[in-house]
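Labels A, B, C, D and E are assigned to the chains in the order they are written; within every chain, residues are numbered from 1.
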Amino acid sequence: MSTNLLALLPEIILTITGVLVMVLEPVIAPGKSRKPLGWLAILGTAASIAATCYQKHVLNTSGVFTAFYSTVQIDAFSVFFHLLIACVVLVTLLASLDYFASPITHAGEYFALVLFGATGMMFMTCSVELLMVFIGLEISSISTYILAGFRKGQATASESSLKYFLLGSFATAFFLYGIALCFGATGSTSIGAIASGLNTTATPTLAILAVAMVLIGLGFKVSAAPFHVWTPDVYQGAPSPVVALMSTAPKAAAFAVLLRFLFNGTPQLRGHWILMVEILAILSMTIGNLGALLQKDVKRLLAYSSIAHAGYLLVAFTGVHKDAVSGALFYTAAYAAMNVGALLVITQISGFDEKLRSIDDFTGVALKRPYLAALLGFFLLSLIGIPFTGGFFGKFYAFSGAIHNGYVGLAIFGLANSGVACYYYLRLLAALYSRPLGDSSAAVLPARTLSVPAAVAVTAAALATLALGVAPNSVLHLVQHSAPETLPAYVVVPAAATVPVATTTAP
Amino acid sequence: MVPIAYYLVLAAILFCIGIAAFLIKRNVITIFMSIELMLNAVNLTFVAFAHMWHQVSGQIFVFFVMVVAAAEAAVGLAIIIALFRTRQTLNVDSVNLMKN
Amino acid sequence: MNTNLLWLIPTLPFAGFLLNGTLGRRLPRAAVTAIALLFTVLPALIVAQLWMYMKSASAPLSLSVASKPWIAVTGFQVNFAFTVDHLTLIILAVVTGVGFLIHIYSAGYMAHEEGYWRFFAYLNLFMFFMLVLVLSSSFLLLFVGWEGVGLASYLLIGFYFKRDSAANAGKKAFVVNRIGDFGFLLAMFLIIQHFGSLNFTDVFAKISATPMTGGFLTAIALLLVVGATGKSAQIPLYIWLPDAMEGPTPVSALIHAATMVTAGIYMVARCHTLFDRSPYALGVVAIIGAATALMPATIGMVQHDIKRVLAYSTVSQLGYMFMACGVGAYGAGIFHLMTHAFFKALLFLSAGSVIHALSGEQDMRVMGGLRKRIPITFWCMTMGVFAIAGIPPFAGFFSKDEILYQTYLWDNPLSKLLWAVGLFTAFLTSFYMFRLWFKTFFGAPRFEEHGPTHAPDLHAAHGAAVHASKSSTLTLEAEHDSGQAAHAHGVHESPLVMTLPLMILAVLSIIGGWVGVPLAFGGHNEFEHFLGPVFNPTEHVAEHVVTRSAEPVLAAMSVLTAALGFFVAYFFYYKKPGTGAALAKKFAPVYSLLDHKYWVDEIYGLVIVAPLLMVSRFVLGGLVEAGLVQGTGATLAGTTRGAGSLVRRMQSGNIRSYAGWLALGAAAVIAVVLFAHY
Amino acid sequence: MNFDHIILTIILLAPLVGALILAVIPEREGAKTHHIGALVVTLFTFLCTLHLAAHFNYASAPGTFQFEQTVPWIASPHINYHVGVDGLSMWLVILAGILAPIGVLASWNAIKVRTKLFFVLFLLQQVAMLGIFMALDLFLYYGFWELSIVPMALLIATFGRTENRRRAAIKFFLYTFIPSAILLAAMIWLYTKTGTFDLPMLQQLAASHSISDSSAALWLCSLAFLVAFAVKVPVFPLHGWLSDAVQETPTAAVMVLAGKLGLYSILRFYFGIFPEQARHIAPLLIALGAIGIAYGALVALVQTDLKKLAAFSTLSHVSFIVLGIFSFTVAGLDGGVYQILNESLIGAALFVLLGLLYERYGTYDMRDYGGLAGKHPWMVTMFVVTSLAAVGLPMLSGFVGEFLILSGSLQAYIPHPMVWTAIGTTGVIFSAAYMLSMIQKLFYGDLGLRSEEVVGWDLKPREHLELWPLAVLFLVMGVFSPFWMKSIDMYGTLTADKLIHFEPGSIKHIETETYTPTANLTSQQLDVVSDLQSGKIAPASVASKEVR
Amino acid sequence: MQTALFIIFGIAAIAGALNLLFQHHPINSALSLVVVMMSLAVLYWSLGAEFLAAAQVIVYAGAVMVLFVFVVMLLNAGVEEHTSGSKIAYIAGIPGAAAVFALLAFVFLKNKAALGTTQLGGDLNNVVSNLTEISHTLFTSLLLPFEATSILILVAILGAVVLARKEL
């Protein structure tokens, strides 16, 4: 198989599936179930997971390789994120098979958009060329903008979509500015070239400015405070399965870019960005937790919690390269597992109309839906960071990296913050298991049965969360070998003498 | 014989006017326009740097940005239309159902 | 002599307790009685055998048994270990003998009570703990008995648990005793700290081995005194004893007169080695003793409740014993302890018989002229009154005289003062006892023949009685042994099962003092000699030889005071019955002071209990708990919530505001990344 | 066949497997399936724990662990599944074992709905508790430590008595979780310094002063440990969660709410890893313990709510233990550990009894009661026995512990040991006062307001079954303490200050006692201390040496 | 020439941008934006990016802005109301924007010398023409982004259809 094909196999599979779904959608008569399309999408995702696994296999045998003129680089890092994103997408698709009831005719587009979005995210994680990152980012962003407004009937949906779109574009402009400045400082936009260009550049200040701009742009994507403002509103208005997806996969991808950019692209500027990362972490944790503290709407609550978790994840960045990457990666995985799980369970409980919104509505759910409540409880515990869950081990591991590198104060602050955080998770948890109030919506909750795919999905998420907490060895092994190497994609660019582009080709 | 820096400053001015427009304008479409303005400012930066480095890749970036802007415009305007359908308004100040 | 028999002495009553306590409810009363009596008489027999054995000159001075450790940690160990020496033997004899008699009496007195089995179980439990206390060979085991008798006392005082006053009295007794135990415990901790052991022999041997006096020994001694004041009802902790009369009368006789309350005296005597090294502590003991002798005696003069008079008299007599210990005359103290056990048990049981005869009436103002109606009780009580008043040759005379004499001889500037106090107390004692005697048995009958007016139903009777006691201006705290109500058919003499113990005790009250007739009166003071091995005899003998001449004079003075007491009482309450009331009116403030027991309970309530509760409720419960402990958490939570609502206000829902935050954030990020470098 | 090397794992897994099985058994209205299942599981676990007592090797070297099992768990960071018990933890494991079936019995009638949830949570709580007592790997321990909070909080939130239950649950959770989170930071810091989570190894490193050069950092780390544990105990001013939680927690769970977990953690981990810091901070903790004793008792004295009373009495009792263990004397430590056992049993009995009252009359307000003694003779007997054990009546279990604790605290090398011991000893007075008041208000006097509801409904056979083992244990443990103490003493002698030992025949003056921090003493300093004791040199010179 | 172009069209661009800011009717704003884009096209050309200048006019001004105007017309957007929904935008946002500008300008001007100057028309090294070079790069080293753009456009189309389609 050609290297180019191999490098992009998962993306290609997803794209083809997406196109297929898109094409088949109009073929199916209106009013008929779009489930087969969903199954097709699931199949495609599974195939892309298999492709990723194959990539990993190749990786193990022949080492890191690049493709498309060093635009993409397949290393353990990207394979990890490919797997993560594909798994999140798979689980989300499984759980949302039955989400769109019959009056919604564009369920097919939903599946296609999810697949395309995933493709974009995967591009983000595997490319070492900032332009490609930007394209990937746009693909994933635009699909999520659309997905956020998918329940068009609701006023909140279009509002959510608009807010996400406007603010997202606003932030994208900053990110783009950052790329421009990178280019200005080093004459290249390839991460490897930036790293080497930084050593010779005449205008290092521009590079510093570039780092700042990229931090702003990606800070928005990972919803780190103070760029978090969109998160609660968008999550509240977006459909629950979409929130499950967009609170995990694009965030993971953005973190992947951030990791690559900061640790591989601008390691020389660590002294400049590390403080900012620290501040972002502190602000995110604090604001996320404080905002969630008095929140009544469950989805908003989880939105704030995801802000806080971005903060925890940023704490991992304070470690040394290897620690930081492995800590952040593990945390991303754990966070993805538990957050997807929690939101998918909420999807199952509250349904398409989302009649159950506030914590009071969830009071006594455990009586009607004991298994779902137990699962949600488990995910909440993981989000709190109770041992023997992925959330705990992730936090433990991420913070060990920080402490190991001397950021004890930051770690203590973060852990204390997680202590405050347990208040709101616990409020929801306690509500789940309380006797229902007389007029709570849970009292009139229809005794819906859980569909098999959805059950498989939430159970898989729960098992993943549990496995990450109890038997994290295999994942740990993967992430500990994931710290991406900086392959010099371009030769060092001289001031302006030789042809700078495309002097190296794909292996 | 204009210093590159002046082009960059010009771009910065445009960029920040774009930010200001985003902040000040109430009409959603105008706000969207201010984003386009910001992108244009970045494009100018790219071109200036491309000129400085004597490299064509900077120009190609601009090209890609245009494509992206066009795509965004399509989607963004569709979103605005969807919003207008449900809310009958284009004023962002009245788009605040969700808060706190 | 098989020393293992020692184990049986306390264990047998315990077995009785277990049997009656678990099965008693289902057993017939006869069986309960049989069990209780059997398990009390057997120890008495063993003690008798021991006595015989120990009296012989060839016998060892003490017998000991020890078990495996009870508490064992590295560096400190305590066993269950019993020791019998001559001191122990005397107390053992008193406890088992008097205890057995009272058991017999109770079988009659309590015959119709609801919780018959419970009563006897508690009584046996008391015997167990009392015997452990006496037999123990270490401070800790002594403390076991010490606390245990307190428990038994608590249970027995609260026997009529349906009555609030009884429940209160039980609780009060336990808590006040605990205040004493506080001192006892601290003393033990100090002993462990300094001697590393709690065994009497170890500790006393170590004290003897060093020449030191005072210092921490004083501290230990004083803390032990705190313990003793609690258990032996000395000032300032005597307040529980009068209230303890809420218990059934046999309990008052056994626990609150004859045995338990003397534990403090026993303990001080037992620790004489320690106290001898601390003149200061001894002085404190003497002063407390003297004060305790005097003050309750004055209160006793004006009380109307027959049992209360006896209760105050008990406190007063305990003061005597304490004073004896304080002046170093431990033997005299123990001697008085023994005689007091006889005559006070007798007095209480007789009083019980009177009460029994009057169907539960305890107020002396409605008694009178009972001499003819209940002759056996009258005569027995007369013996007791003569004994306590110190009329020779009754038992009380010898022991009290010995104490006064030893006090007089005490090598301390205060000795004469204390002696004077003792003498005056003797007068008061004589006065109030004869007052009781006259008011109860002489003069015109002031009671109504109750007849079968009491409803046969126990509860109804109880309720009625409580009601009556509240409305009556006469009765202060009417005891109502409700069992009697049902079968009261007028005033009647008690059955033999009750009068027999009375008679035996009456005899003992007469002859009990003869074992300690001092040399001055031609006796041999055998009692002192018997205790000699315990209290280091050499010094005493030497003293006696030198100062014997003063003794008859002093004795004569005390006899005169006793007689004076008799005549005053005779005059006030027999010859001119109104005199007492007239005097009370004339000296109304004094009378009121005495009548209200110097307002000690009220003062304690006002100065200690109320402030403590107030502090607990408002300062600790309110200020500290609600304010500091909960408040800190609440404040933190409130601040966090406030910050939370601030963050939520930031989330205004307006896109332009959000963009504003983004722009500001962007500026901040750029500035930080540009300028902050490290 | 020799089970010794896996017995702890069996004990740990039994309730876990039981919980899983119970979780899949469907719940039927009114059926006792889950009650019976939980009873079987807990009894089986209890029997397994008895194996420990039977095969414990008293001759083993002090400081070694028995029934150890080590299984590699996580490669990097280096974490093992390492469990084992010593003289300290063995009895605590057995204690946890015996309390569980009693808890199940106590819930027999009290829990009527959602039985499955209740017993699953109850068994999980049991797992966490056993895990805490067994874990010898700091990470594993922390896992169980945090895990123990969750089922408890859920039990409170779900089965609480009043509408306040959710607040109480969250309060409990926050109070214990936030300090634990900081404890986690301290733990990770320790790991970065030492590269191990293994407790025995950490203890060795601590003994050789090779954990960290920075004493300030080590201090902060130790404080994080101490505070986390102290809140759980709870030590005096940190007990804000206690009374609310106790009020809401169902009987079966409230037995294990306070005391043993925190105290064990202090003994095992705080004393084990931070011996010097512990000794330096001991005066403070002794003071807090003494104050806590008096404070808890005094506040209990004025309560009208039975559960509140029980909460403050718990505070008072655990403060005794704090006072004892921080004295660092053999007596204090042994007594403290012994008192953990006693306090748990006494507390369990008290809560069971209160629960029985509540089942009958539906209130915890003392003012509603009165005069029940005539109707419930067995119940009043049990109440009295329990109260007497609680107030430390000799021959009952509470006494041995309290006595040793107080005698140990007097020997502690702290300023004014007499003052603190005396304050602590006042507890015996106040505890008698409030316990007896409670009994009086419940049982004596006239029948209370609810006289019409009082029926002849004394203890039932099942209730006897709950209470008699405890009552018998009170007596047996009060009389035959060496049976337990010999293993506890192995721990106590190892942990106590070797400096403080009694020389027969020597008599120390109270006045000459001088406080000397005994930690961090080199042999040269040891000489100084002994010189000081014998009065050769003035205390001031020692002080200057300490400063150095 | 270069300087003159820069001054004239720079000022025109700024003026257009400010006009966008101050005009109340969206159509006016859109037209101002077209002015900005045109000015920029000239500047691109002056910097040697002829192809981009053309694309700017065709794609941006020609297509994208038409789309905007079309939507403005479609939704019948009138003069924008002066609502005061946000104080933060003025309190935090405007100073933030000013600060961003100040920082950027500060950095650029500080690095003025290092950044060098421009020549009219530009001079790419060793290439036939601007367009040749662009196409070469586009189909070699930047092939993947180019291909990926197709997905982006596909998504955009799909999204526009989904959102704009009238239903429910």
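Keep this in mind: a contact is a pair of C-beta atoms (placed from the backbone, for glycine too) under 8 Å apart; a residue touches a chain by one contact, two chains touch by 3 or more.
Remember, predicted model here, so these are calculated numbers, not experimental data.
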{"item": "Joint neighbours of subunit D and subunit A, given as chain labels", "value": "C"}
{"item": "Winner on C-beta contact pairs when A-C is weighed against B-E", "value": "B-E"}
{"item": "Far-end chain from subunit B, centres as C-alpha averages", "value": "C"}
{"item": "By mean Cα position, the chain sitting nearest the middle", "value": "D"}
{"item": "Distance between the centres, which are taken as Cα means, of subunit D and subunit C, whole angstrom", "value": "37"}
{"item": "Intercentroid distance (Cα basis), subunit E paired with subunit D, Å", "value": "70"}
{"item": "Centroid distance [mean C-alpha coordinates] between subunit C and subunit B, Å", "value": "96"}
{"item": "Subunit C and subunit E: spacing of chain centres that average the CA atoms, whole Å", "value": "102"}
{"item": "Contacts with two or more other chains, residues of subunit C listed in rising order", "value": "648, 651-657, 659-666, 668, 670, 674"}
{"item": "Touching two or more other chains - residue numbers and ranges from subunit B", "value": "8, 15, 18-19, 22-24, 26, 31-32, 48, 50, 52, 54-57, 60, 64, 68, 71-72, 75, 79-80, 82, 85, 92-93, 95-100"}
{"item": "Residue list for subunit E, restricted to those that touch at least two other chains", "value": "85-86, 89-90, 93-94, 96-97, 100, 103-104, 107, 111, 115, 125, 137, 141-142, 145, 149, 152, 155-156, 159, 161-163"}
{"item": "Contact pairs between chains, per stated definition", "value": "A-B, A-C, A-D, A-E, B-C, B-E, C-D, C-E"}
{"item": "Subunit A - residues contacting subunit B, complex", "value": "131, 134-135, 138, 142, 145-146, 149, 152-163, 165-166, 169-170, 173, 176-177, 179-181, 183-184, 187-189, 232-233, 236-237, 295, 300, 493, 496, 500-501"}
{"item": "Interfacial residue positions of subunit A with respect to subunit C in the complex", "value": "162-163, 166-167, 170-171, 174, 205, 208-209, 211-213, 215-216, 219-220, 225-227, 229-230, 232-233, 271-276, 279-280, 287, 290-295, 420"}
{"item": "Contact set on subunit D toward subunit A in their complex", "value": "74-77, 114, 117, 139, 142-147, 149-150, 153-154, 157-158, 165-166, 169-170, 173-174, 177-182, 184-185, 188-189, 191-192, 217"}
{"item": "List of subunit B residues in touch with subunit E within their complex", "value": "1-10, 12-21, 23-27, 29-30, 32-34, 36-37, 40, 43-44, 47-48, 50-52, 54-57, 59-60, 62-64, 66-75, 77-82, 84-85, 90-94, 96"}
{"item": "Partner subunit D, residues of subunit A touching it in the complex", "value": "366-367, 370, 377, 381, 384-388, 392, 396-397, 399-400, 403-404, 408, 411-412, 415-416, 418-420, 422-423, 426-427, 429-431, 433-434, 472-473, 476-477, 480"}
